[in-house]
Amino acid sequence: MGVKRGVIPGRYQPFHKGHLHLIKWALERLDEVIIVIGSAQESHTLQNPLTAGERVLSIKRALECEGIDLSKVYLIPVPDILMNRAWVSHVETYVPKFHVAISRNPLVKVLFREAGYEVLEPPAFERNSYVATNIRALIAKGDKRWKELVPKCVAEVLEEINLEERMRELLRRD
Amino acid sequence: MGVKRGVIPGRYQPFHKGHLHLIKWALERLDEVIIVIGSAQESHTLQNPLTAGERVLSIKRALECEGIDLSKVYLIPVPDILMNRAWVSHVETYVPKFHVAISRNPLVKVLFREAGYEVLEPPAFERNSYVATNIRALIAKGDKRWKELVPKCVAEVLEEINLEERMRELLRRD
Amino acid sequence: MGVKRGVIPGRYQPFHKGHLHLIKWALERLDEVIIVIGSAQESHTLQNPLTAGERVLSIKRALECEGIDLSKVYLIPVPDILMNRAWVSHVETYVPKFHVAISRNPLVKVLFREAGYEVLEPPAFERNSYVATNIRALIAKGDKRWKELVPKCVAEVLEEINLEERMRELLRRD
Amino acid sequence: MGVKRGVIPGRYQPFHKGHLHLIKWALERLDEVIIVIGSAQESHTLQNPLTAGERVLSIKRALECEGIDLSKVYLIPVPDILMNRAWVSHVETYVPKFHVAISRNPLVKVLFREAGYEVLEPPAFERNSYVATNIRALIAKGDKRWKELVPKCVAEVLEEINLEERMRELLRRD
Amino acid sequence: MGVKRGVIPGRYQPFHKGHLHLIKWALERLDEVIIVIGSAQESHTLQNPLTAGERVLSIKRALECEGIDLSKVYLIPVPDILMNRAWVSHVETYVPKFHVAISRNPLVKVLFREAGYEVLEPPAFERNSYVATNIRALIAKGDKRWKELVPKCVAEVLEEINLEERMRELLRRD
Amino acid sequence: MGVKRGVIPGRYQPFHKGHLHLIKWALERLDEVIIVIGSAQESHTLQNPLTAGERVLSIKRALECEGIDLSKVYLIPVPDILMNRAWVSHVETYVPKFHVAISRNPLVKVLFREAGYEVLEPPAFERNSYVATNIRALIAKGDKRWKELVPKCVAEVLEEINLEERMRELLRRD
């Protein structure tokens, strides 16, 4: 089969404009892209506020709003396993056959390389702006500048979900 | 938010024409449909021959070939948990918010109803023909009639994967 | 500490009159009794229809109705682990220190003995009547004779829960 | 059924006078109270020194000593699951049906509210005194003032268990 | 590194003369052999009576008695994971790097081949005699002929453990 | 059976000269020694860089190079369970029957003592030099002095594996 596919693992807490750049960059180089939504079981913490389903929804909206061809993208939540050495195989179980992995994360790169995959390292898209940790901090504080850092349609989903309130609650002291 | 969504849980081992009827039937009644690929962790047994990723691929192909609008369908693998009472909540973690569940499976119906969901019971689409157990038996035997029971594009994917050989091997005696 | 305690492991699906005899028999021989509600994670199957919480509720009611001193009884749900050799230690984690185990189940007896516990084997209280498998079959069929086989207050709880309907639904063919 | 029940989740490492106030406060407002002993699988660390069974024992003793009606209280150990979104459902599996949740913990409040429960927020009972972290620190140091911070009968159980020695050992450097 | 290693997965319940033939056959073809003791978490059932540790002990004794060079053999218990597709990777985590897999089991062969390994299929060593299922049945019945079917030093270990009594107990009716 | 065995639990990340002293010290006091390679599921982190299989390989090489009689040593990887109270039983499942535990680790000592085992506390062999944390730091920095701190044959295995590069990669910033 001639289709060339790549996986892009991430936690997407939340999906921001850097991620969108990354998807577009990958789609220029590959036929199909598999977005692996990692730590799928996590949610409702300051580090991982969104459920896997909420992340699926917001990423799908972003792709549609940007006019990205949905037939070329897979969106697949994958829960953690507690065994790094078997993690690539775990991902292989959940997703269609793929040929390259796309990541800047050191552990992810080591694991895919040791499993025999080619790893593409994308450029850092305005890395200083698009940092999920900072975006989560802004959301928790109710600082509306977070909306400029995520795709417009993601912002809409996160407002429907009322993520600001969830994070504000979680931040509260006992 | 006005979008009305429904979940359709199944193992899709493999995705057959009865499943396709079901998706179409659901899309006539709902805005969006979430196909929950259950027992995602299972594969390489006679009962569950395909990986979750292979099931994702074959279902996506079927939807495309049938001209179904991909923006209205979510394809989400969900691993088993060993606690029926918490299973609906487990599904809720992995998928976008939904309003109805679509199933003929007794356990699935009981669990969604006890969790407060409306359950739509679809008609049995030529139930005698489209039975996954029988289709798997045909594949394992190499009886090519299985190809008439699954959507054409699913048949192509299962041939690329060479499912016949995998099942024939698994059937072999030690 | 001088208190002598014993564990009585069971699935209690449901708690029947034979179980009640057993508890009373044990309370005549020990200061305190720990009812271990095993396979706590299971529910909503024909084999294990009740949740752990429903079993806790029905057993507690039975003890109250029978005038058993609640200060002498512990009711503790314990989920399965998939490692028989470590199961006794797993139980020890969940329950107060105990000195004997009370059971007629071969596996349970072997495991507690190998772990160094004294095992008391109770008589079989009208064993032919009080068989959980049969009682479940009667409930699933709606045969009201099941009510004579469980303590009156358990029957009331199971009717509040509407266990008959749950089991009838689970029994239905897809 | 007219009985109104509430759950009170906590780790109870150890059960202190603030917890006792809380139980009494809840029993004034509800018919029955379910004490959920969370992180049941944890023990033998400085953060979680007691097993679930030791916590069950010490709480039961405290209730008896205080003359609290045991028929109105359920004491149920619940192990962690690693999926916040499904945690309420997990608790629902282990405990009888309940109607309100009682907690000051931000995560617990968010999760029960999102699951549709009413959440009662109790007052902070001399919060500065009754802090489990501080009590554990005192025990580990062998500073006997910890005995004034827990109910008298809990102190007796913790001395029988010799928790001071266990914590002193755990504190030791390799 | 020039050392050529092969894995030999099995449950070894118990290790019999057919297994011993297999190890010798493998050592004639490879530099080092890794005996993977599968389903390591299982024990105390009629199907899996021995713990992993008891299997380690009896296999080690058999190798010593047979004068097999221990420096060429690894004995490694591996627990099950519930994901066939990732099982080879799971094994790779637990054992030193290897180059071939040795098995007659259909599933094992499929999984190692799909993971890119060469699979050596050994001859069936007097397959009708050396069948673990039959040997377990003889042990459970106390039929001493089982001792002729396992290496002499394994028989000694199984007698020290008193496996006959354990199995007889497990066979008993409740 | 007269053989006296002891377990020596550790993570062996990596196996260093202090560990080798410890094994020799234990073999002077016991007939057989079981090296329990803990946290077997962990690898590819700065804290736990090696897989269980890589640790098995390097320890086996060290024993051979030192002329230690392999028939007196068991090398058994054991994954973590998340329940301290049942951990000793978990170890007992994986290893042959043993009589003493050898450790300086406070948690390990408490758990074995509470389970009724004699605990031997070995001397600290040049503890300031042989500290796994420091050795890992040297490896990650490519500071060759690490080779003096591990047995020569372990150094060879870690170079074959190219652990320096793996750790350097993991250390890199995203």
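Chains here go by letter, A, B, C, D, E and F, matching the order in which they are written, and residues are numbered from 1 within each.
Assume a contact is a pair of C-beta atoms (placed from the backbone, for glycine too) under 8 Å apart; a residue touches a chain by one contact, two chains touch by 3 or more.
On a predicted model such as this, the values are computed, not experimentally measured, just so you know.
The set of chains in contact with chain E as well as chain F comprises A, C. For the pair chain B and chain C, the distance between mean C-alpha positions equals 37 Å.
Note: centroid distance chain A to chain B, computed from Cα atoms, is 25 Å.
Chain contacts: chain F has residues 41, 43, 51, 83, 85, 92-93 touching two or more partner chains.
If each chain is drawn as a node and touching chains are joined, the picture fits none of the line, ring, star or complete shapes.
By the document's touch criterion, interfaces exist between A-B, A-D, A-E, A-F, B-C, B-D, B-E, C-D, C-E, C-F, D-F, E-F.
Against chain E, in their complex, chain F makes its touches with residues 1, 40-41, 43, 51-54, 56-57, 60, 64, 70-71, 74-77, 79, 92-97, 160.
Within the complex formed with chain E, the chain B residues making contact are 41-45, 51, 80, 166, 169-174.
Listing the residues of chain D that touch chain A in their complex gives 82-85, 104-107, 109-111.
Partner chain C is touched in their complex by these residues of chain F: 81, 83, 85-86, 88-90, 92-93.
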